[in-house]
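To start, the structure under review is shown below, and the notes come after it.
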Amino acid sequence: MEQHPRRLLTVVTESTIESHLLRDMERWGAHGYTITEARGKGARGVREGNWEANRNLRIEVVCDDVTADRIAAGLREHYYDNYAMILYTCDVDVLRREKF
Amino acid sequence: MEQHPRRLLTVVTESTIESHLLRDMERWGAHGYTITEARGKGARGVREGNWEANRNLRIEVVCDDVTADRIAAGLREHYYDNYAMILYTCDVDVLRREKF
Amino acid sequence: MEQHPRRLLTVVTESTIESHLLRDMERWGAHGYTITEARGKGARGVREGNWEANRNLRIEVVCDDVTADRIAAGLREHYYDNYAMILYTCDVDVLRREKF
Amino acid sequence: MDPVVLFFLLGVIAGILRSELRLPVQVYELLSILLLLAIGMKGGIELARQPFLELAPQMLAVVAMGFVLPLLSFPVLLSIGRLPRADAASIAAHYGSVSVGTFAVVVAYLGSREIDFEAYMPLFVVLLEIPAILVGIVLAKGLASGAKLRDSAHEVLLGKSIVLLVGGLLIGWIAGEEGLAKLAPLFFDPFQGLLALFLLEMGLVTASQISTLRRYGFFLLAFGVLTPVLSALVGLGLGWALGLSVGGAVVLATLAASASYIAVPAAMRISVPEANPALSLAASLGVTFPFNVLFGIPLYHWFAGQFYALTGAA
Amino acid sequence: MDPVVLFFLLGVIAGILRSELRLPVQVYELLSILLLLAIGMKGGIELARQPFLELAPQMLAVVAMGFVLPLLSFPVLLSIGRLPRADAASIAAHYGSVSVGTFAVVVAYLGSREIDFEAYMPLFVVLLEIPAILVGIVLAKGLASGAKLRDSAHEVLLGKSIVLLVGGLLIGWIAGEEGLAKLAPLFFDPFQGLLALFLLEMGLVTASQISTLRRYGFFLLAFGVLTPVLSALVGLGLGWALGLSVGGAVVLATLAASASYIAVPAAMRISVPEANPALSLAASLGVTFPFNVLFGIPLYHWFAGQFYALTGAA
Amino acid sequence: MDPVVLFFLLGVIAGILRSELRLPVQVYELLSILLLLAIGMKGGIELARQPFLELAPQMLAVVAMGFVLPLLSFPVLLSIGRLPRADAASIAAHYGSVSVGTFAVVVAYLGSREIDFEAYMPLFVVLLEIPAILVGIVLAKGLASGAKLRDSAHEVLLGKSIVLLVGGLLIGWIAGEEGLAKLAPLFFDPFQGLLALFLLEMGLVTASQISTLRRYGFFLLAFGVLTPVLSALVGLGLGWALGLSVGGAVVLATLAASASYIAVPAAMRISVPEANPALSLAASLGVTFPFNVLFGIPLYHWFAGQFYALTGAA
């Protein structure tokens, strides 16, 4: 079956900034996103997810390389220093490329 | 440590079709699956996950290449046109190949 | 943009062992982790996630190859035989390597 | 205005203003479980009080209405609405079936005005939920869809709302009023409060339908307002013909007027997947639900008053 | 039949018919938190009414029963059941400990029959929860498992159920009946309703155990029915020996008969991981819980009536 | 000690002992929705009883206090605390605003002592929530932050707590006491129970702040205890000047003393992201909230008694 290479960009970050972050990611070229509720631990300590202030979101965006780079650059510039956040990308194959 | 290459197939789709979808995926060869609740946005608009009709599921299946292709083909044929759905695959390494 | 190769290790397992597992994974070198609630099916049957005893967790750790191997080995030795558990790894790129 | 309706408005306004207010979906589920069980049990308590067989003719008539209503709206959707066959069928099914939320609101409405009605009405909710779904599938797929029909009927029967309503009915029937007295502090006493919270959430969901509505324009809006009014007249007439009290006729009119947004959407996604769910939900949730809650129910009450006065039945 | 038991049956039937009905796990958690706190507080209110020291002998005897019960079933599991040592030990621990859900049902049962019992019984629930776990670990690992034992005791003591029960006890003890009156509308008045919902969910879970049961066959079934009956006799005898009222003896018999499905499974997963949890849960949840709820409790009540009449104690 | 406070202690102790006890975040959300709506509705019922305009001067004075309080603590944080400008501004905003949880506790405190207070106090909660946020942003960013300010005000106004409080107020105002009577079994009767559960959860969260506290040391601790006491005196004085009853003055003192941990943290994360949220939460949740709940409120009550006796106002 014909498959098309794309990038999957995953961000784990504070849920407080959800609406701002999504707006920015769409501005930087994301055509869609998937969100799951998460908790975790990292450089900024434990985020247990048991009340407003310490919930994480795990946001996934499937997109082309250029968009992935643009989003990653945007996140590094505008968010990375001040928010609990990690970001990683990996190669994936998608079925219908026109969606992403 | 010995690791074995497999494919990880991820589907994000409407929660309404859960039972049908899982039955089909097992029929197409999945030996297991992992489900997380999700919400998101895509070509079919925002799915906020705040009530029955707009919840998403994120389903992962680890399997061999042939099964991944069969599942992807099945989803494309039977679901892709009529449901909010995306699907992507990526290469992973697993520990005990006999499980997948 | 400069990106650094790392490994993403994903474990899906029973939620009962959460605190023990996280303690061990940190001991084996994980600097952080992300947890989402999950349910699923595998060799040990359906885990519906509707009460204490059959909830799954999906734990992700981004780390270097050596740590990934150490965690995988530890899990295989101490957990794999007795618990509902799968584990897979894949290659990812991260932005700021010093975090992982 | 009933305070529960104020909660609905609060939800709609918060939604339109894009407030951060969200109810966790688990709270929505808990509320709907409690409401469905409470409604079922109330009906069951009442059923226990009277010979079941006496109700059989009424039940048959109500089921017949469930088969007829979608047949009336389907041609309109097809010809005037110029909708594809699948969409027309799906919307017809939504409007032929019922909304438990709207039922709860009319019960609260009559309750706060101390108007009696036949307390076995929850039975009619159950009976009306399914026929329209079957009609909808046949309209979309033709009569050849036999196996699909059986599957669908099976799935709807085992869907959350029917199981809880019927389960509640049976529990109420078996345990009776006295047996259930101890459950009142969870299911009956806070009923209005639970309904208020539920309507707050439905208000938020309704607001999120507005953008779809805008896209599909005037026809959906007109359809979503006119259909319930006309269906209410059908329900009202049937209620009168069956000898129901004024209150009972208002309830039956409201059931006829209400459009499903839980059981039918789920069934249509499976059985008529090519129908666009955004369309039917925008109509049933975005137009008809708020219309019924805010204006329809008082209107049907007024209709019933006039009609029963005219015919000398009241 | 108590209406709460009807909810359990509704859950079981919905589960067997593969209905779409699900309770969100968060609702399950909320219910169990409320029930545990309410049970604890009720016990605490009662403890405040009497000198704690007078209870010490009873408490010791009950703890002793917690140590003895698993020792009785372990050899049966090993020899007749031919189970691996770890599984036998784990199941013995489940049956030596108690189920708070079953306790709530017996309390509701006696309440609706207006049979009094010693109101400090929740204290016994707490006392019975732990000893069997320790015995189970020793049976599985031998006495060399000292550190494991300490860890396990620690974890169970800090597990959700003990913390909420003991916390509730202490709050009830400190605040007393009057102090807690204002909390009644959340914790005490809707208790039966909360229990009904909880049992609905447990019914669904019970139904999901049936496939496992089928796989492991007849022995589990027989064990899951006979053990509670025999344990109930032990509990009944002890209750009589301690001078409890008939109601109190029924409660203690039911506690002895009940098998844990919350605290013990969690502890066994950590301390005896090689035991198969499917086995113990199928027995305790799939057989013993429904047996106790549906048949056991009335049976133990009948036992107690006979026994107390015979001994002239009633 | 009020039983609701015992629940808070239970949470703190369970948290410190690293118990497995967790409340699902959805339960936390449900509880806060119910509490906010209930508080709002109670205030609204009262507002309906008196001419709104008569309250205007009091409202203005309270808003002014909201602007002044953060200006008082900011220099202290900057000079004695040696904190970066952004952190000082953020913490000042937290302490200038209010905590709805603390408000609920003082209401329960006065209620169980049968001390009356002006029942429109929830209005002040709403009014006090926002000014300090605006001051905090200006302190951090300078007056050039015009657009940011507008955005923030907008976001806070549409945040969950304001929408529910104001929505509740309006519903209470429109429907009045009688209209809301049917909602009492969900919102008003179980209020203390809901608050107890909420405090149990807040106790767990408080316990999780302790490690941060340890890291940032003595200054935060001292600040978190002294600021509320001094702010309470400001609130008390204002209450007296406005002619409030003793009870009313205690409430206003407690509002002044309380530090936000919901609305302000969220606003600061967006508008002053370089401020470290761990710092402000450790102070407001880890120190000031427990201090107020356990010691502060009785202390402010005592203050008020002395003060009103001295000035002959009581």
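Just so it is clear, A, B, C, D, E and F label the chains in written order, and each chain counts residues from 1 on its own.
The definition used in the following text is that contacts are C-beta pairs under 8 Å (C-beta built on N, C-alpha and C of every residue); 3 or more make two chains touch, one makes a residue touch a chain.
Predicted, not measured: the structure shown is a model, and the values here were computed from it.
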Those chains which touch chain F and also touch chain D: E
Residue-number overlap at the chain B/chain C interface, same or different (half cut): different
Intercentroid distance (Cα basis), chain E paired with chain C, Å: 34
Whole-Å gap between the CA centroids of chain B and chain C: 19
Computed distance of Cα centres, chain F from chain E, in Å: 42
For chain C, residues that touch 2 or more chains besides their own: 36-37, 90-91
Sites on chain D at which at least two other chains make contact: 20, 22-26, 30, 185
Interchain contacts, given as pairs of chains that touch: A-B, A-C, A-F, B-C, B-D, C-E, D-E, D-F, E-F
Residues of chain E defined as touching chain C within the complex: 22-23, 25, 28, 201, 204-205, 208, 212, 261-262, 265-266, 269-270, 273-274, 277-278, 281
Chain B partner contacts - residues on chain A that touch it in the complex: 1, 3, 6, 8, 22, 31-37, 62, 90-96, 99-100
Chain F to chain D touching residues, read off their complex: 24-26, 29-30, 33-34, 155, 158-160, 163-164, 167, 170-171, 174-175, 179-180, 182-187
Footprint of chain F on chain D - complex, ascending: 1-3, 6-7, 10, 14, 17-24, 26-27, 30, 112, 185, 189-190, 192-194, 196-197
List of chain B residues in touch with chain A within their complex: 10, 12, 36-43, 56, 58, 69, 72-73, 75-76, 80, 86-91
